[in-house]
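Here's the structure, in structure tokens; my notes come after.
Should a chain be cited, it is by its letter among A, B, C, D, E and F, assigned in written order, with residues numbered from 1 in that chain.
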Amino acid sequence: MSSVIVGLKRKQIAQLIAKGKRLDGRGLTDYREIKVEQGIIERAEGSARVLLGKTEVLAGTKIEVGKPFPDTPNEGVLTVNAELVPLASPNFEPGPPNENSIELARVVDRGIRESKTIDFKKLCIKPGKKVFVVFVDVYVLNHDGNLIDASALAALAALLNTKMSNYEIEEDEVKIKPGYTPLTLTKHPIAVTFAKINDKLVVDPWLEEEQTMDTRLTITVDDEGNICAMQKGGTGYFTPKQVLEAAKIAGEKAGEIRKKLNW
Amino acid sequence: MSRKPEKLIDKKGLRLDGRKPDELRPIKIEVGVLPNTDGSAYIQQGKNKILAGVYGPRELHPKHLALPDRTVLRCRYRMAPFSVQERKSPAPSRRDIELSKVIREALEPSVFLEYYPRTGIDIHIEVLQADGGTRCASITAASLALADAGIPMQDLVTACAAGKVDNTIVLDLMDTEDKEGGADVPVALMPNLNAITLLQMDGILSLEEFEKAANLALEGCRKIYPMQKEALKAKYVSVKEVEE
Amino acid sequence: MSRKPEKLIDKKGLRLDGRKPDELRPIKIEVGVLPNTDGSAYIQQGKNKILAGVYGPRELHPKHLALPDRTVLRCRYRMAPFSVQERKSPAPSRRDIELSKVIREALEPSVFLEYYPRTGIDIHIEVLQADGGTRCASITAASLALADAGIPMQDLVTACAAGKVDNTIVLDLMDTEDKEGGADVPVALMPNLNAITLLQMDGILSLEEFEKAANLALEGCRKIYPMQKEALKAKYVSVKEVEE
Amino acid sequence: MSSVIVGLKRKQIAQLIAKGKRLDGRGLTDYREIKVEQGIIERAEGSARVLLGKTEVLAGTKIEVGKPFPDTPNEGVLTVNAELVPLASPNFEPGPPNENSIELARVVDRGIRESKTIDFKKLCIKPGKKVFVVFVDVYVLNHDGNLIDASALAALAALLNTKMSNYEIEEDEVKIKPGYTPLTLTKHPIAVTFAKINDKLVVDPWLEEEQTMDTRLTITVDDEGNICAMQKGGTGYFTPKQVLEAAKIAGEKAGEIRKKLNW
Amino acid sequence: MSSVIVGLKRKQIAQLIAKGKRLDGRGLTDYREIKVEQGIIERAEGSARVLLGKTEVLAGTKIEVGKPFPDTPNEGVLTVNAELVPLASPNFEPGPPNENSIELARVVDRGIRESKTIDFKKLCIKPGKKVFVVFVDVYVLNHDGNLIDASALAALAALLNTKMSNYEIEEDEVKIKPGYTPLTLTKHPIAVTFAKINDKLVVDPWLEEEQTMDTRLTITVDDEGNICAMQKGGTGYFTPKQVLEAAKIAGEKAGEIRKKLNW
Amino acid sequence: MSRKPEKLIDKKGLRLDGRKPDELRPIKIEVGVLPNTDGSAYIQQGKNKILAGVYGPRELHPKHLALPDRTVLRCRYRMAPFSVQERKSPAPSRRDIELSKVIREALEPSVFLEYYPRTGIDIHIEVLQADGGTRCASITAASLALADAGIPMQDLVTACAAGKVDNTIVLDLMDTEDKEGGADVPVALMPNLNAITLLQMDGILSLEEFEKAANLALEGCRKIYPMQKEALKAKYVSVKEVEE
């Protein structure tokens, strides 16, 4: 978009928001439609495709044998990686992960890790030597705004869909046995992202709102309504009051989404 | 961790998935699936699930790559980390780089490059799930993505492999047949021009077997070609319906 | 190889290093420490030892990154290999890259970017020793380095974390508290504008706990702010003394 | 060369080929002179220098202990690498392998691998754990066209020249013993490359022909006349008839070369 | 600096040197003031900060368990790395090590290694399998000339300050025990760098002298006055006589520095 | 896997390969061996086998590296993976990068850089087999490649090492002597100008030993210099013969 058009759009979006309205008809704290489809990649241990409006994210999990971190020798490892696939936007360049895809992966990672969704102790094979590594690969297929919430949903849905091969330990080697056991998750952390536009907060910004927003705040909330991760992004600021307001709304929105998805 | 099957063709002459030797896997093609690209297509062929998208003709970056007399076609083939049995690192493998090259060279003869001097066309292919024959399915999809982007072409490019499995020449090998079988011959064709734009082979085939396999692969291309055209038509019909 | 402490808060309500819950670690700030930069600052906060330096506004390389209406702020946060328990590889980690981004975004709202179109400002942060809360201490120092470089700003940016340790909300977590504790909330503030420019969180906090921790962190920022101004003044007094 | 000169050269070459002639006097299916010199790098386990006209390729082999691939735990590993050394052409840029050197290495690799020239089972030390890795490094020293055929010849000649140190296994460790044993090869796959120029096929294109050709086809043939690898390159196309014609000629040419080299 | 100013400066410096004087008042073979501060990074096994005039270098050591080199299975490993931190000069670009930082690290490394300062045999845990790796990381914080001498001093001072955790070997694993033992060093190699300006040699060139010098020579000398490393740098040349003159002065200067620092 | 020899000098004062202490290894030099370069040379010194080639003066890429008053000399030293005992990774090692730098700096004083402003000269060195002293043999060959390319120079650069082995100062160390010996002093010389353009040293030498070794190395250079000139002449004689 040319900068003139962006300027006009920004004005239009801001004026609407001042009246409590949005360009696509939503209320300020309404999410776009959420669709979750699980198990669509049979080769993966778990997978899910999430549509958040037109934003589309595919996540797949793989479980491999690896080494624990030196400071947590009795725990399995979680590795979240995000790819901003060039197909998803003309602005996504091919190449190694940049600061945007790294931030996306790390925010999704923290939501899962800090909420203690996965019992990492159960993923230990031989303390200090061998553990299971859970890879979650987030593939952004269409970018229409709010990649964090869509990616966090896709990652969680893929983990909920994950089945590990049964195994036994023989002479310190992992031998695969027939059958599968689902990965047990104890929590369902939901990321809720706010955009600040013209000093007002809106939930689940879509692409045109993101292009005009001042700044962004993501709050991840667990099943008990506790906050387990936050991330401010963008070059603007929030007042302390706005942060607390957002934290309260995030709890409500996370509950609604969890209920809607039966999680 | 999958065990190797003892036989790839059973007593009735049928393959592991019940197909006859000259039978294609089920194919589903959809055009115009990615709203942010200039053109796109999705293909399912067996368990292969592949997206192809096109940007361009557009300004080239970096600019010094631009050519005064034609557009520059670039192609990037990648596999999602979860698309295969052992997780694939997201960094491009040597195989990714070779396949990006041969796919580009399979598509390039179909495009009127000289229509858009000083520009670039980028083809991005993402293999979401791989099940043998991804390069062929990628070409079939990518050619449709080019068409969907309105790039002028002499013909669509259609691709299909044939090969040898338990001493039988078979069409459209799936993953296990590819890995355990005796040979694989991927071919891309511009059907109207009878022009082969991709040809590779690995395994061992006598001259006669090769001729049989190549002909079977070409036959496969000719079976897929109408499905490509159907998918293209479906998109424009549905667009028209929306417009009306 | 350090053993984990059993309790992070003792019976008297004091922390491992003897601090009260709402007490900052000892802080030492010095401005103008690196002669070859345009502006610089050094901060010690507990055992954190961090240098920040600024070059610019100056011509941007590569040139195509320049913007017609404002300066481009870049930020690079790195940890020395010997700054942490296990040697850190000098190659940038994913954490380094994320922190460089959030630190830049914490500082950018304070700078009048439009004063210097077509130029760039580079902020380099080197963590020489890390002891928990390096991103906050880095912001505190980097904001002073910008001021020392004469970059026009609306306000200084001051940063501090609060968190939860043994069920107590505490200010300015050191390394062990950060690793063994229950939550960490780093915050950056432009104190005069009451504007939060960095906010992250990990761990588990109820809404009430979060509110308490956020307020404590903001209080911490407001305690550090005068130390920043003092350090800035000290440099210019000493410069004046030298000049006289 | 300027594009005008290329245009003239192209015309000249095409006119000659239409008459069944070539700029350097060869017939359409004639190879340039082939010279093979083995064992010239004493530090390598095997080595060979191949001259194909003025095209010069040096290949060296190294054998090291490594890990097998997970899907072939009982087999040694072959790794072929090709370097387009900047000395060989002003158009070769220094830097990591690009698509041309990767394609070259992989086509050479497939010819050796698919023809089952090496008995990989014999290179297993401890199944799933330790095997011998055979490195073939192809060094292109002068580029005067048809790098694939020259490189495939050099790689094969170096392998034929390869001697492994004798060894015994002690407590799962490889201990070197005095003496050497030649690596046994069972096949001699020969790559035969065609250029299509003005709808005619020529064998073993040299540099000026490559600069004017429409497209390229390599066919690798084993001692029994079986095809074991093919690779079309370049942006043109072949008719099905041309492909079959090329396959037939490739078998004849491979036989001639094998005979000439006493392989 | 503009090239005109550089030209004037060069002339001025050269004229002074012809008279045996230097811009900063030093004699031709005088060092700037040297300050060494050890143990300032508590997280490191050893550390030191060196000021050589305004040139400032911080070095830290880390000791980890790693693998020996194949040709020295009974010896620990020394790894010296140097970072030309962008803070130190507007001319230092961020990014992976370039030829200047690699040369700096390797010259420092050779001085320590060749003088046999560290008894690497004592750092062997299990021959061929496990040894201690001593990492020396040199961090250049301010560049005012003669980085080699300052870095060599900082590296040596950090090593002299290094304490290893006590340990015992249990089932081939290193178990940390309470207490520390200092790393024993047997030598104190000192690097002495000369700049050749207008055919005269000066010791310890500072930044403005480096910008105008023809070439550079570093001579590292051990406690017995033996030379253990040399490195010519820059695009000029030395006469054989100048080299021998420099070697003699280097021995004297190294002795003076060692005495001053009580090493 | 080679075993270490017990003695490097035998009772008769001869070395492992039968040489006297001040004896060079057999040297074979050929100029003009690579048809696609602008200049080239091949050297065998003992078992060292090294190719050097030059492109230029030519336009520099990227252009912003060009200098208004002189040519830019670049040098790239690499070892083939099969050139050494343990296979060398094709990626440049830190040693490769240091050697590229010191070789360039050894050659640069000989070239009249100001003759070709805004251009670049690229020197590529490929060590096909390494046997100790590759940097010196590379300089000897590269200087001839520059001459063969017609680059104007004040003098050829000739290089040779001396060192200490079993307490004897010896000339032109081969691999085993280099690895097991006590010191190595590689030197490059412009013989007509008596100008030392490369000087490195590792090992332990007293001042007297160093002087002796340095003088021996310079003597070695002076022995190789006529061989260089001979090789250059041989090429132009043979060219002339061809032309006649």
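Some points to look at:
Please note the rule applied: a residue touches a chain if its C-beta (ideal position, glycine included) is under 8 Å from a C-beta of that chain, and two chains touch if they have at least 3 such contacts.
A quick note: this is a predicted structure, and the numbers were derived from the prediction, not measured.
The chains that touch subunit D as well as subunit E are F.
Counting only chains that touch, the fewest steps needed to get from subunit A to subunit E is 2. Set against the C-alpha centre of subunit E, every other chain centre is closer than that of B. A straight line joining the Cα centres of subunit C and subunit D is 57 Å long. Annotation: 27 Å between the Cα-based centres of subunit B and subunit D. Each chain gets one centre point, the mean of its Cα atoms, and the points for subunit D and subunit F are 32 Å apart.
Measuring from the averaged C-alpha position of subunit B to that of subunit C gives a distance of 51 Å. Subunit A has residues 97 in contact with two or more other chains. Chain contacts: subunit F has residues 86 touching two or more partner chains. If touching chains are joined by edges, the resulting network of the protein chains shown is one closed cycle, each chain touching exactly two neighbours.
The ring of touching chains, read from subunit D in the direction of subunit F, comes out as D, F, E, C, A, B. Within the complex formed with subunit A, the subunit B residues making contact are 1, 34-37, 40, 47, 49, 51, 53, 55, 76, 80-87, 90-91, 122, 124, 126, 128-131. In the complex of the two chains, the subunit E residues touching subunit F come out as 70-71, 97, 99, 102-103, 105-106, 110, 113-116, 217, 222, 225-240, 243-244, 247-248, 251. Across the interface of their complex, subunit C is touched by residues 40-44, 47, 54, 58, 60-62, 64, 81, 83, 85-90, 94, 96-97, 135, 137, 139, 141-144, 165, 176 of subunit E.
For subunit B in complex with subunit D, the touching residues are 86, 94-95, 97-98, 100-102, 105, 108-109, 179, 185, 190, 193-207, 210-211, 214-215, 218.
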